[in-house]
Amino acid sequence: MTLTLKLTGKLFESDELVDVLKAVKDLSEKEDLAVVTGGGGLARRYIAVGRSLRLNEGYLDLLGIESSRMNALLVALYLDGYKGVPRSLEEFVSVWSFKRPVVAGGFQPGQSTAGVASLIAEATGSRELILATTVDSVYDADPRKYPNARPLKEVRLSELMDILARDQDVRAGTYELIDPLAAKVLMRAKIRVRVLHYRDMRRYLQGEDVGSRVVPE
Amino acid sequence: MTLTLKLTGKLFESDELVDVLKAVKDLSEKEDLAVVTGGGGLARRYIAVGRSLRLNEGYLDLLGIESSRMNALLVALYLDGYKGVPRSLEEFVSVWSFKRPVVAGGFQPGQSTAGVASLIAEATGSRELILATTVDSVYDADPRKYPNARPLKEVRLSELMDILARDQDVRAGTYELIDPLAAKVLMRAKIRVRVLHYRDMRRYLQGEDVGSRVVPE
Amino acid sequence: MTLTLKLTGKLFESDELVDVLKAVKDLSEKEDLAVVTGGGGLARRYIAVGRSLRLNEGYLDLLGIESSRMNALLVALYLDGYKGVPRSLEEFVSVWSFKRPVVAGGFQPGQSTAGVASLIAEATGSRELILATTVDSVYDADPRKYPNARPLKEVRLSELMDILARDQDVRAGTYELIDPLAAKVLMRAKIRVRVLHYRDMRRYLQGEDVGSRVVPE
Amino acid sequence: MTLTLKLTGKLFESDELVDVLKAVKDLSEKEDLAVVTGGGGLARRYIAVGRSLRLNEGYLDLLGIESSRMNALLVALYLDGYKGVPRSLEEFVSVWSFKRPVVAGGFQPGQSTAGVASLIAEATGSRELILATTVDSVYDADPRKYPNARPLKEVRLSELMDILARDQDVRAGTYELIDPLAAKVLMRAKIRVRVLHYRDMRRYLQGEDVGSRVVPE
Amino acid sequence: MTLTLKLTGKLFESDELVDVLKAVKDLSEKEDLAVVTGGGGLARRYIAVGRSLRLNEGYLDLLGIESSRMNALLVALYLDGYKGVPRSLEEFVSVWSFKRPVVAGGFQPGQSTAGVASLIAEATGSRELILATTVDSVYDADPRKYPNARPLKEVRLSELMDILARDQDVRAGTYELIDPLAAKVLMRAKIRVRVLHYRDMRRYLQGEDVGSRVVPE
Amino acid sequence: MTLTLKLTGKLFESDELVDVLKAVKDLSEKEDLAVVTGGGGLARRYIAVGRSLRLNEGYLDLLGIESSRMNALLVALYLDGYKGVPRSLEEFVSVWSFKRPVVAGGFQPGQSTAGVASLIAEATGSRELILATTVDSVYDADPRKYPNARPLKEVRLSELMDILARDQDVRAGTYELIDPLAAKVLMRAKIRVRVLHYRDMRRYLQGEDVGSRVVPE
């Protein structure tokens, strides 16, 4: 079975990085795995410098993309798979043809790595897109603001997009999860999403039903 | 001055193709010109075949992108500029460094060539993005449905996006003009847009104030 | 066993396209398959436009090549093989190293896709080159002019080239089959050719002795 | 004005190499110059080894092509132009866009570097194709066999091809000059050819009417 | 005149980054400028993570190289030159052919970016290699250990290499300046080196004789 | 098990070339084999010509690298593996991901193909680096000068480097074996080296303990 896994860029600043990547490696030996990495704090730092140099927003995005590729290279060199980092979806699908794990960062200005992950999940015919992030679940409201926000074990994608549209704060916090490109692609390709905290990767690997399921409806 | 010009794919099925491309060539000799071409009927035909082969939507988009590159190659071979067709924004900006006209088609699934044109306009620091299409203006309602719809000489981008969101039919007709990626990029980069009919390219070249202006506000 | 299959560009305008490609996919699962596609009507249309723009013949050939790659991409995305389209023989043999089906269109101005298919058949050590075209056999004269022209179950390549040289009309009709480059390569590499109508692909797959055999003598 | 110059591979084994390349460099500073180099004895040596390893003819051609690129690299590094060696016509025309001298060797199995030079002359719109070779002129018969063979100051291309077809020995000797692909391309693009001995490059540069002219008729 | 400038990776963590890059931009408008950037703390951080993942040293070097390319991309997007980052010397010299500023990071495991800068200085025929680093001069001993170490206004390269070989501590501190590959290349190509603190770039630009000169003897 | 084999360029001028390559092919069918080829006399010849054209040393190295790639291509086309020649370590490791034999020549000016082989041995995790050269062993002094020089069955790398540093003549003769880059990489990656004469490849293949072992201490 084919899986696409998106690792938040924040993982790469975390003490748990090595443990999580070990779980990812184990996963890559059990399934046909495509991985996408975010840029995290590295991206933010270079974008800030670029902004003080007054680069245009497209160029700032290129710096963010390059940052996500740093993280992708680290993962690619660690996994037993393709030891390069494809720079576009076309390059990704060409390399994917050879049936080895492949790791990508961003592809293009104007989109998140969640969008990239959705495009890859679609092109590889993935059974599921796993979003390994810094929240342990999807909530029905922003848990930082509403103490009694309830975690959702399962949510429809359309519903999730409504929550995001309604509540700007939630949106800001979860934008990284699913942006409009990602939503569009997941819906048209009918791809299930699992949102989980990266530190639950090992439990996921062992078959536990961790995090939330987003159903493409 | 730098300009980005997007040519609708429908132009490439039109009897006026040669005349319009002559105007484009003249323009490329006066300004630093980046050109983006749509896929038009060719894209639609290959996507239909791909759909009957049950290809996934991402692959269908790749067929549409390849169609737009056919049109881009035709224009590139005709202009006195770069004789290749860049396949990503990164490749575009690398080639653009050498100060010659460059022509691109699509870059990636999940986005329109209007999005591509916006990204290019931003990266090249274009003074204006010209959308050469099959309507002679932006209207305040769908002119095919409302006979007294009024053409707008100038419209704010936010206003235009509101019209598009309100009126699904207008949206269907003008989606090609400006999709969400394009809107986002044009807004953040503060790029003016001119919407005109491709058969008015020659008049535009001669300095006439044809079509509509979209102001990035 | 390795096979090279050349699909005429005309197939891609035919109602039988989907059925034929299904047979090709089945074939690719039984044999090591290299596929080459022609440009067909798409090539002719873009070449005509290019000619009215007064492009040189080399550039017109590039448009024809790009058209054949459109068709190649469609097939590549459908087969379970390499999801890119190699642009030169060198790129082809590099990708072929990884033992997956590969699909190419044209490579270079001044040659037909039959020439490309011969080069690929040689480089891959193909047991046979299958030319899937719009005639069901090789004839001893042009069947459109001579009602009693006889189909040839087997013909020597040198003999076929003589027929082509003698009869300009036959030549015009079958030029697509075997051009001088193709003949030269087939002869030197001693590759057997099978000429069949594309609608007989399924019967060929089932082991029937359809079409004509051309023996490299 | 644009010129394409083909240097025989034999030049690269000659004592006059340095002098001739100096003349080529001077020429590249006066005209827009595209250069193509043959493989010469280097190609023959590697092809012989490859044959004793029983490589197929297509692979032997690849060795010949790589040899011609060795010579191309030498010239490219010496001229003040593009410091790479394009590997296909498409790559050539992309690089040529930037208005610098470009040097290529072979492109593809099954064709001579004379064919390559013709394709380049066509694509660059060259005023003339110069074939710098080891004969000082075209003759009306093989001068090695017929002592009173007469040099031809000017000859029509069709006539030259007739001589080559009639006289196998002449053909063997001059095949390097113009093969069928070259003839076809030169004719369709109406490119004049000048055949001269490489040691006359300096005189040609000074405006002398050295060698033979081949008229594309 | 052609100059090669190597910027230490430490610059990219400094508050003076923007000011220094402005001086570099001014320099790039006066001279034909090639720039090489180090990886700095970013490289060290990713190498440390890679080491805890037990990657081999060659892969760790690849992470360091990718880090230096992050910095190179930032500079390339800021300068008015080539907007890509060449990944090998061959790619560098190809792009350099088009007479625009080019920025590179590392090329290959097993060598420092000082080695890269020397190779580029040699290939571009640079009049001088400027090493913009974190020391304001070359000293005759390690100034951190010997308070009365004297700065050297001019030093022969062979002498400098002797100091480095004799004094391991100096070597550790200045290894970044000139490693064995760099020394070998500078010597054979007879390239002068200027060592200066990056914050003196502006003064250098204004013609001051800042830092130390290393003479290739 | 993974092995890296470096073939001296001199092999390619030897009468034993075909026999040796047959042994290499047999080896490639038993082990995961990476091969690196030297440039030999071909490199020397082109470098000499380049020098008379007054090319810089970096460009001369590029000619040497291209020569080594000629030899690499010959081997690649003969083995049943990747039919291209990677031009950098990054390209090498990407292609190596697909678990097929890969052959490289040089990568970059300023280093020997022994350095390349060490980098490849490290990146591929090779159990051993085999240096197939023109001496049958490592000696404790230059055997051409000291008739009673003794062959060493096993030698520590540090010891070997001392011998090389002490005895310039030995160094000149064995420099091809191990240059400073190679020594550094072999030491850090703890790779065993076997030095043998290329004509002993067959015996090595049959499990004989031919040549000398160099231990990375």
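Chains here go by letter, A, B, C, D, E and F, matching the order in which they are written, and residues are numbered from 1 within each.
Here is the rule we use: a residue touches a chain if its C-beta (ideal position, glycine included) is under 8 Å from a C-beta of that chain, and two chains touch if they have at least 3 such contacts.
Note that the structure is a prediction, hence the values are computed from the model and not measured.
Asker: Comparing each of A-E, A-C or D-F with B-D, which pair has over half of its contact pairs in common by residue number?
Answerer: Matching pair: A-C.
Asker: Write down the chain pair with more C-beta contact pairs when A-B is set against C-F.
Answerer: By number of C-beta pairs in contact, A-B is the larger.
Asker: If you average the Cα atoms of chain B and of chain E to get two centres, how far apart are those centres in Å?
Answerer: The mean C-alpha positions of chain B and chain E differ by 43 Å.
Asker: Determine the centre-to-centre distance between chain C and chain D, using the mean Cα coordinates as centres, and give it in whole Å.
Answerer: Centre-to-centre distance between chain C and chain D: 30 Å.
Asker: Which chain A residues touch at least two other chains?
Answerer: 59, 62, 90, 93, 98
Asker: Can you name every chain pair that touches?
Answerer: Taking the chains two at a time, the touching pairs are A-B, A-C, A-E, A-F, B-C, B-D, B-E, C-D, C-F, D-E, D-F, E-F.
Asker: Taking the complex as given, what residues does chain D use to touch chain B?
Answerer: Answer in residue numbers: 90, 93-94, 96-98.
Asker: Which residues of chain C touch chain D once you look at their complex with the stated criterion?
Answerer: Touch residues, chain C against chain D: 56-59, 62, 87-90, 93, 107-111, 115, 118-119, 122-123, 125, 180-181, 184-185, 188-189.
Asker: List the residues on chain B that touch chain D in their complex, please.
Answerer: Listed in rising order, the residues are 81-84, 98, 100.
Asker: Over in the complex, which chain B residues touch chain C? Could you list them?
Answerer: 12, 17-18, 21, 42, 46, 49-50, 52-53, 55, 59, 62-63, 66-67, 69-70, 73-74, 77-78
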